């Protein structure tokens, strides 16, 4: 009794310790959350301020009312009597940053690559898992072997090759190579190995299904979860792929969102802070929104060991 | 007996489908990856700029590695390449260490059943979020937030708080490196954390329970159970991160405004890109770019085989397990007569 | 969790709002674009079918322009020379109806578009390739080969030689019916630079980019007791005087006001006046670099200049706005309405322009013809309007404040006193710069490496200003040689 008074109930003590620990962890997590969110918040806030406001007070913390105005400059939709300087700024930004076209191009590239990557990776993985052929293990070893080769090591040759094929300023060098995605095949392969019932293929054969049809109508539905996870990562990766896109696309009709952002970053004259932030926000916000909508799915995918670019 | 016959039939009549199914991958891979790689290899033996079409043997390699070559700037080229290699390592190391420590700490906290943390799911979602954002936009965002003068967000805030001179976050050679490390960590810690979490959750809970009963505190548990059992996944993270580090491009390249690049953030990937992406073929240095690429390829190959050997044991174990499973399935199928019930 | 939902809702709302804006704005921008594309074929058909009509138009336009030109020059010889060109032997096709000009800087083009009326094309537009000269110099080649519509492109002295000496990148002006004879009144250096190694005229400039020194007269009076432009000029008439005045200013203002703002401006004024080539054969002439490094060190160590300020940035602008600097080195294209002095740097105080320590020039851009030009009549008319025709060039100079590349037009403006620049207190900047424009000689000294070497020097200085001069120079030479394998030191 006296000991309990002196030291407190062991259970209380234990609880107190956990409480303290939990509080510390909570505080750290909140701080990290702020580190992750504040830049995005400031980005959106600053996109709603004019250049003048930002030049006078760059540390704006609350929303302003100039989002529409900045958007008008960005789309070169300003009044004729706005003054030469502003008209010049508007023409400069709108000439480089055409957000509609950027989204469309990025969507075409990311969409097509995703479909190709997922379909052909599933096909290849399925071929390796279901069929027994002489070069099977050699092919698989090859795919694992090349999985880690960075894209940079072949890019000098890639660009020269594309020049010689006259495929610069063409989506083909950005889309068609997506058919060959070793890392995606690797993950599809391991997921097929562990979950796919081979017997079902036999059953389909007995039913008179052709091999390709079996893959399309029997195997693919079973592979949907794995394919969906890979599709998300393939989409994100290709949407964000500044390096290859910037090598291949030189022509303004082909600009994608990351290239447009990098071009805006290069302006050395007539910089407009508000519009700068707006450009970046337009490239960031849609991704964040889609991410939040799919976050559970994505995080489960990462936990599977999905991606490491 | 039936299964043996079946598999023989399968191997005879269906093998060609195997080749057909994997053919698109190999065709495309050879065309868009293998040939460019060979071509890069060829380019590495050819000259630069006006000399682009002639064969120069190992000149590009001796130039960028030892500073001995035909060009008057051979020594300077070597210095630049080695600096780029050094920068790559420094930038990688400077983001990997804090990233892995932070991720490990968070992963342990998040998987600790005794800790009562509200909104765990929310934290995970937010911490992974930076990883999903376009690196080009991230670079642009940070350049605009951390600009060099008082006309940018962070410096303005600091100077309002009483700091006298603005910090040159973007252009100072040392501070800009730290910035890139920070942003890189910001981008990747959520990803690493979730990977490590799934690794920790794979550890049998009975080990922790037993340790609890034996009176081990959480620090002891971490060093004696979690860390040793996480080793394979840690090695995997380390190697993939090193290979990722060798490719580091968008952030260091765009952080210094693209064209007006600076040596202090020049990584190997930037070096390669900068040399082959300079206008016409007569303005570009394909030879140096090629030689640097092949050197990076060599380094990657070494790192890749390290992971391969580390993961081999696990793979072998997994294969054994899968083989057993397959046998079981076959048996079951044989019993059911075709597995139509699935 | 509710916090997450709220964040999500907020972001979703924002996204919807912004996409709504995009939709509105995007359509406005996009809708004209598809129209010409859709009409493309039909216009081409028209052109083929009604070839005769088009040719007639072309002839008319050419005639009108030339008549004006000859009349102003009042020179029989000129008129004679013009005669063959007036036939408008345009050998490039006329199959498109959008004139596309590729550029990286749009100040001048914006002014041109404001006063230009197309004769044939349905639209005249520019397309930006790269946000700055350095980026443009390396990315133009790819752009020109991209298959995108390019009729004309703008190139800068520092790298124009890469493009006019390559027939796959540029076509002779003769193919638009324009010859050297049309440039009798132009500043000759612009014609020399626009002529390629084989003596073929490939590019024409609309400006003689003379530079001067603009200063804040209020500050000059306050700290230096100077009240007139002539007195100020006397105080900065040589580099020695310039530095002495900088020291005087520093003492008088207690370091609050610097003499000028960026190393970039100082570099421009100093280097182009040297008239020495950056590259001699294949050897880098490090003389200019070493002189400038020494000078930059002097100015930085003396506290006359802040080396961390980037040319053209907000900080650079605000030095003038906030009265922290006495003056800027400005080229003519910084002085017009809506340009740097007017809107950004000189909004406070009373500004005046003088020649400064040395006659120099800054930039200068040329219009070049793409071999793929398919709007030839319009392109020819555009080039004539802004590089040959004295009347329209006078209008352009008055409108833009840019020093037009036509002696007749400029002399007329100066003698008529028709130009008064409000941002310079009514001063006529052309009168100040006329002598400078006459004296520009850069045709012998430019090389295709200039842009790269200049950027390398300024970047090296920017990053290593605290090193000693020899180290900086060594770093510059190293980088220049590593970048340009064809050169040696």
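So that you can tell them apart, the chains are marked A, B and C in the order they are listed, and the count of residues begins at 1 in each.
Throughout what follows, a residue touches a chain if its C-beta (ideal position, glycine included) is under 8 Å from a C-beta of that chain, and two chains touch if they have at least 3 such contacts.
Not measured: the values here are computed from a predicted model.
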- [ ] Go through B-C and A-B and name the pair with more C-beta contacts between its chains.
- [x] A-B
TODO: Name the chain with the Cα centroid closest to the overall protein Cα centroid.
DONE: A
Open item on the list: Please tell me the distance, in whole Å, between the geometric centres of chain A and chain C computed from their C-alpha atoms.
Closed with: 39
Task: Inter-centroid spacing, chain C versus chain B (mean Cα positions, whole Å) - done: 43
TODO: Find the geometric centre of each of chain A and chain B from their Cα atoms only, then give the gap between the two centres in Å, rounded to an integer.
DONE: 15
- [ ] Specify, in ascending order, the residues of chain B that touch 2 or more different other chains.
- [x] 121-122, 125, 150-151, 258-259, 277
Open item on the list: If a residue has to touch 2 or more other chains to count, which residues of chain A qualify?
Closed with: 37, 55, 264-266, 273, 288, 292
- [ ] At least two other chains touched by the same residue of chain C: list those residues.
- [x] 4, 130, 132, 135, 139, 142, 310, 313-314, 318
Open item on the list: Residue numbers of chain B touching chain C in their complex, please.
Closed with: 47-51, 71-73, 75-77, 79-80, 119, 121-122, 125, 148-151, 168, 171, 173, 258-260, 262-264, 277-280, 283, 285, 288
Task: chain C contact footprint on chain A (complex, rising order) - done: 37, 44, 55, 67-68, 71-72, 74-77, 83-85, 87-88, 91-92, 94-96, 98-101, 103, 168-169, 250-253, 263-271, 273, 281-282, 285-286, 288-289, 292-293
Open item on the list: For the complex, give me every residue of chain A touching chain B.
Closed with: 18, 21-22, 25-26, 29, 32-33, 35-37, 39-40, 42-43, 46, 55, 57-59, 120-121, 123-124, 126-128, 130-136, 139, 143-161, 163, 173, 176-177, 179-180, 182, 185, 193-194, 197-200, 202-203, 206, 211-212, 215, 236, 239-240, 242-243, 247, 257-259, 261-262, 264-266, 273, 276-277, 279-280, 283-284, 287-288, 291-292, 295-296, 298-299, 302-305, 307-309
Open item on the list: Which stretch or stretches of chain B touch chain A in the complex?
Closed with: 6-7, 10-11, 14-22, 24-26, 28-29, 32-33, 35-43, 106, 109, 114-118, 121-130, 132-137, 139-145, 150-157, 160, 186, 190-191, 194-195, 197-198, 237, 240-241, 243-244, 246-247, 249-250, 254, 257-259, 268-269, 272-273, 275-277, 281, 286, 289-290, 293-294, 296-297, 300, 303-304, 307-308, 322, 325-326, 329-330, 332-333, 336, 338-340, 342
Task: Interfacial residue positions of chain C with respect to chain B in the complex - done: 1, 3-4, 130, 132, 134-135, 137-142, 162, 166, 308-310, 313-315, 318, 455, 459, 462-463, 477-489
